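Chain IDs A, B, C and D follow the sequence of writing; residue 1 opens each chain.
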Amino acid sequence: MSEITQKPVFSKKTGFSADLLWTMGPIILALLLTTLALVAIGADPLKAYTTLWNGAFGSPEKLGSVIDAWVPLVFCSVGLLVTFTAGLWNIGIEGQIVMGAIGAAWVARTFDLPAEILIALMFIGGALGGAAWALLAGALKVYGRVHEIFGGLGLNFVAMGVTLYLIIGPWKRAGIASTSGTEPFRPAAWLLNFPGLTVGPVEIILAIISLALIYFALRGTLWGLQLKAIGKNARSAFWLGIPTSRHMLGAFAVCGVFAGLAGAEQASGVWARLIPAISGGYGYLAILVVLLSGFRAPLVPFVAFFFAAVSKGSISLPLDLQVDSALGGVLQGVVVLLFVLSQGVRAKWTQTLSS
Amino acid sequence: MRLELKHIHKHFGAVHANDDISIAVESGTIHGLLGENGAGKSTLMKILSGFIHRDAGEILLDGRAVAFKNPAEAIRAGVGMLHQDPLDFPPLTVLDNFLFGREDGFMQNRAGALADLQRFSRQFGFDLDPDALVSSLTVGERQQLEIMRLLSLGAKILIFDEPTTGISLPQKIKLFETLRLLAKQGMTIIFVTHKLQDAEDLCGKVTVLRLGKMTGQVTHPFTADQLVRLMFGQSLETRARASVALGEPILELRDICVADYRLRVPEINLQVRAGQVIGLAGIEGSGQRLLLRACAGLDQPVAGDIWISGARMNRQPYRDFLERGVAYLPAGRLEEGLVPGLNLTEHFILARRSREFFIDWRAAQDAAQSRIGEYSIRGVPASRVEALSGGNQQRALLALLQPNLNLILLEHPTRGLDIESTMWVWSQLLARRQRGAAIVFASADLDEIFEYSDRILVFSGGRVARALNAQETSVQQLGELIGGKGL
Amino acid sequence: MDTNFVILTFASILAESAPLVFAVIGETLGEKSGVTNLSLDGTILLSAMIGFAVAFTTNNLYLAFLAAMLVGALVASIVAFSSIVLKLDQIAVGFVLTLLCGDLSTFFGNPFVRKPGPAVPHFAIPGLAEIPVVGKIFFDQNIVVYLSVLLIFAAWWWIYKTRPGLKLQGIGERPAAAFARGVNVNAQRFIYTLIGGALVGFGGATYSLFVKLGWSYHHTYGIGWIALAIVIFGGWHPIRGALGAYIFGGLQSVSSFAQSAFTDVPTQVFQTAPFALMIIALLFVSNEALDRFFSGSPVSRKIWNSLRGTPPGALSTVFEQE
Amino acid sequence: APAPTATPVAKPITFGVVLVGPYNDHGWSEAHYTAAQYVKSKLPGSDFIYIDKLNPADRPGMTLEQVVNDMKSKGVRLILTTSDDFQTDTIAIAPKFPDITFINASGDSAWKDGKNYKDIKNLGNFMGKMEYMKMVAGCAAALSTQTGKMGFLGPLINDETRRLADAAYLGAKYCWTTYAKKNAADLKFDVKWIGFWFNIPGVTLDPTKVANDFFNAGNDVVISGIDTTEALVVTGQRQAKGEKVWAVSYDYKEGCNEAPNACLGVPYFNWGPAYLKTVKEFQAGTWKPSWDWNGPDWANLDNPDTGAVGFTFGKGLTDANKTTVQQFIKGLGDGSINLWKGPITLQDGTVYVKEGAVATDKEIWYLPQLLQGMTGQSAPTK
């Protein structure tokens, strides 16, 4: 399968206004298309967008829930920056989140410790769980020559199977065996939230640290440069003396760590138990975030925030307008699709201009 | 069919690849097209066969002006081209390949194609199994298939772009026989080469190109010296070689056997001492690349021992070879050496031996700048390698080599380079040799092999001859060995 | 197990695998031409939804299938355009489309959830259906099922027996060589990608109008990925690909029987099994050690290659005329 | 103009309804949605807002707490969480929102005698006595089957679903032996669980597939126990092919509509009265946490204003069988038939309710296994 096109979003040669045009163009066009979709189902677009906005920013609680979604998106995007740099399509990230949640849940169910230690251990457990699952996809790719898209995808479903097995098997609730989740963890395993909000300081700080860490690691270290070389041409990288297999496995593992952190955060901070589909779809969404960021770490938090706001804001659509909240997903998808297409158009455009 | 090319021009950006070329070829003759690398031979032939479009000029077939939009139109008009790397479908069968492009009905007319194929095979004495996969054929056999295919499509003008590079001597003899036969039947044949001998043997008339321009036309009989003068502007002299005192054995191969899925070359024995230059000669794909990669630690030999500076290196990882001062320069510069998308600075950082974890970009840039000057690479530290020209890419590859190397392995070190770059590359290599490095290189260019090797290892037909002393070997001898005689 | 049960199960597998067969053959055609359409999971969802919506509103099955095919072709045209004209990464575009089409199907499918609508009518072929065993399995189905079986052989026939089919193989293996022989590579790629997409769309409608009658949220989620994996498993060969689809259908049957047989194991584990097996199958077809082992002799290599199937040489690459 | 009424118009109220599936699923969630509309039409000044598909597969990352926050910001002070799936979250959230009243439908946390009692001031439960209607469903199935083999398409395994499957079996066995006068051992009753309340591709078994497998295996009646209507749809398709097969739908009064001729009937929930009572009490300020297990209105099963559960007869049931089923219903209603009377033997052979005894509410609610005579899993794992 083809290499990932990593064209920079902003080129140095053309001016800022041209960049703005090529960035805003797709967004405006996307809004136009979603407006059309709204008109098509007979909804009032203006009302829909206000509802979307209010759903995301209408109250401190809502802003809190946007940040609640922002955190796992950032974790996953950070991990994906690493695998994308190494030229890998880590679609298996969903399963890695799930395994992170399972790791954290195991810690929470096994140890009776003070909150600080327990939560730290849960994050470590989550990181290990995610990394292990990612390494499995990596090993399938490196040693088994199974393309990471299919290996990862299969493992996503397997991870789901494992969760369900645990929830209705060994970790089932006393008396009841329902797929709705395990017994809630002991309170020491719950992440502390800001008063009245569903999000707390620990996960926000952790997400910001992760982002900064990976930004500098990819930019300023030999490891980052080596990954970049592998991503662009693995054969040449190997020739240069870079241990390609080990680095690819490493990239998977690092991505797994961050996906696992997202999983641990979901298990501890959002659900306080293990549920099926605990990944929340954040892994797939984060792939879109990274694509729309043009693989650039500094843009990730903003794009992630936009995605989080749309995701959370769209929940108000059915409540207020009886419009399906999938509109949010449509908006996100159209924006990314048009952005990717516009990059191609732009490249073609400049090519025609120069020749 | 009589062919006339009149005042053909073609530009690639700044390069004037064809500059006012005019050639006339009578039917029933074999016309040679000669020139050094990059002279514009392929460009001209691609224009003639519809692959690319000329900027200016005229093409006349039997006096009628034509303009081909694509190769299919050219074939319909009777012009067919055989590419150096045959442009066929290796995963398909011989018959499928033969069928492909014939326009007779909706269904595959296999019976008709088979009859045609057999008729042509009988005519030329070719022997191809219609059901064999093309991937299992030799390059010579693939050429035979292409010839028959083009003839069956009604080609009257056949272009051969360096057809003798990848085939064995018996196959070459067979090919020449065929070409003469074709000419006798009234075909017009254009034969592109830079091998003087081939031109002498085969062509009634030869056009020589140099740097996009026509430098002359000669008719039989002509001498090799004439051609050389036209090709290079002057006749080349071999320079006297500085003698080097040989040092310790660096590389020892004991009964090495290298193999890939289609080739197996057993019993290679060789000792290379510091300061020695070994040339690997032979048709491309006879195992030279496999041996170089095995010596570099990139592939495992199937059997035998590799010793480097006194240490047995079997099954050691590639990086241990690097640690021991072994370097390999691959032929595919952007495929297996440089990383397209990264710039020169980044390449120099990656190639550094010291592996500091954090990158000091400013220092790295300065270092890159000085390295660029040292190797006279036309570029800046921020130049992406894919934007460099072939020669500068080769310079960049050389610049990535560590300063103190014991063994340098090179695959076609000067392929695609102009004379000046070629000289420069070798001056670099010879300087390293002075400093005690051993050099093993593979080349398709016999002149290069003769000029620089102390010893020559000839690969042919799955075997390797005993290393020859370059001084005591004649071209004739070498040619015969490559062709499989006396091995 | 009585024989009737076995016969009915086989008939069921044949019928229930029909949409997968359409999707696998469609994707095989596209990939054979060199274009990977990764959007299958979304395309199937969206075309299933549109197919049902059209059937529901017009009560016309022909229109419904036509609309679904148009949807499939439309999505495929985005993939084709972005890869052939814009030279973008096919995987990125395909993945985005996967998610986008899924959300579109939910958004526009809302009014049609669980509505009773028309279904593809059963049609036993007179005479043939009465043949013992075989008749019940093959000739007591409906038009769509017959079409799915016909399509397998039609695709095989097209690829390996006709002249355009030979061109199709060529543009996927070595576009430059095909170009040299007069094939308009990019136009052909466009057409095959569109035809492939249309077939995938037909498969989607086959779900909502027959196999999983009706429309609900995420009605066919996951099946597109299975189809993509089966294309690899089938070695880009229509008959082997179809076989893969039937094996998958069989596995699903097994997983519902297994619940009674293995009462200790949670049912969801069996539901996961096909995905785990998919990985194992891919591991098998792309295993280097097996590859080396069978490459020993030309004969075993030939057998192995024909068993395994190799991807088209130019899959997912861009063809640029000089 | 609105007719003047004797009762003073109460102050406007908006309550919230949280649905686990789509509001238009023709099943469990739609039954709740219909009840909310019933309240709106019966109680002037009342309105509701709802969120549907609140499950991790359809709304990944969306928690009940976020929904409650959202509803709260719209002034909602009474929220009905309408699935067993919400019980855990409702218990966890209710104490955080003391100013909001929660009702969890199908839960048992407000049942003082129950196993899961939690003393939460603002959380109540109600549930309908669906087991009686499942008995009716079983009866209709037993009278209609030609092969004596029927399948029960179950969701996930828990107290409620075991209870309902067992009830269906008890009804079937009774009618099979009493009315059809056949041997109990000849009745085959196979239970398959898909793993969740409705199909989640990749997670649950596909109910379409399972229903087909049931028929392939020789069953000719499938009793649906899941929230959605796949079993009926499949049955309709197979009937159109000429097969003699039937289905019993579930949950929603109009649940036969998707394939009327294949439908023997629907045991359905009529949540309206319970909703109305709760909203009125809430409005009046008299609401107190309670666990209500509401039965049918035996006098008129289809009265929308009374019973909590009912049964719609389907076109697939012959007139003769319909008469018999009605006779059975009458017996259940007047107490002459009590299928909870012992002996009731569990699947593993232990006697659960002794000869002569009658099962208590608690015994019925917490039925631990399938019953002897049924095949299928009783518990997810041993």
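As a working rule, contacts are C-beta pairs under 8 Å (C-beta built on N, C-alpha and C of every residue); 3 or more make two chains touch, one makes a residue touch a chain.
Here the structure is a predicted model, which is why all the values come from computation and not from measurement.
K.L.:
Determine the set of chains touching chain A that also touch chain D.
P.N.:
C
K.L.:
So which one's got more C-beta contacts, C-D or A-C?
P.N.:
By the number of C-beta pairs in contact, the winner is A-C.
K.L.:
Between chain B and chain D, tell me the centre distance in angstrom, where each centre is the average of that chain's C-alpha atoms.
P.N.:
Computed from C-alpha means, the inter-chain centre distance equals 78 Å.
K.L.:
Quick check: how many Å separate the C-alpha centres of chain C and chain D?
P.N.:
38
K.L.:
On a C-alpha centroid basis, what's the spacing between chain A and chain C, in Å?
P.N.:
29
K.L.:
Could you put a whole-Å number on the gap between the CA centroids of chain A and chain B?
P.N.:
Roughly 48 Å separates the two chain centres.
K.L.:
Which residues belonging to chain D are in contact with no fewer than two other chains?
P.N.:
Correct list: 57, 195, 202-203, 380-381.
K.L.:
At least two partner chains per residue is the criterion; list those residues in chain B.
P.N.:
Within chain B, no residue touches at least two other chains.
K.L.:
Touching at least two other chains at once: which residues of chain C meet that condition?
P.N.:
Each of 110, 222, 266, 268, 271, 275 in chain C touches at least two other chains.
K.L.:
If two chains touch, include that pair; go through all of them.
P.N.:
Applying the touch rule to all chain pairs gives A-B, A-C, A-D, B-C, C-D.
K.L.:
Hey, which residues of chain C end up touching chain A in the complex?
P.N.:
Counting only chain C, the residues touching chain A are 36, 38, 78, 82, 85-93, 95-97, 99-104, 106-108, 110, 222, 225, 228-229, 232, 266, 268-269, 271-272, 275-276, 278-279, 282-283, 286-288, 315-318.
K.L.:
Quick one: in the complex, what on chain B touches chain C?
P.N.:
46, 51-52, 70-73, 75, 81, 87-92, 96, 99-103, 105-108, 136, 261
K.L.:
Which residues of chain B touch chain A in the complex?
P.N.:
Touching chain A from chain B are residues 298, 318-319, 322, 328, 330, 334-342, 346-347, 349-351, 355-359, 361, 400.
K.L.:
If we count contacts the way the header does, which residues on chain A are in touch with chain B in the complex?
P.N.:
So the residues of chain A in touch with chain B come to 6, 220-223, 225-226, 228-229, 232-233, 235-243.
K.L.:
Using the touch rule from the top, collect the residues of chain A that touch chain D in their complex.
P.N.:
55, 58-59, 61-62, 65, 68-69, 72, 157, 160, 164, 168-170, 172, 175-181, 183-184, 198, 266, 270-273, 275-282, 311-312, 315-316, 318-320, 325
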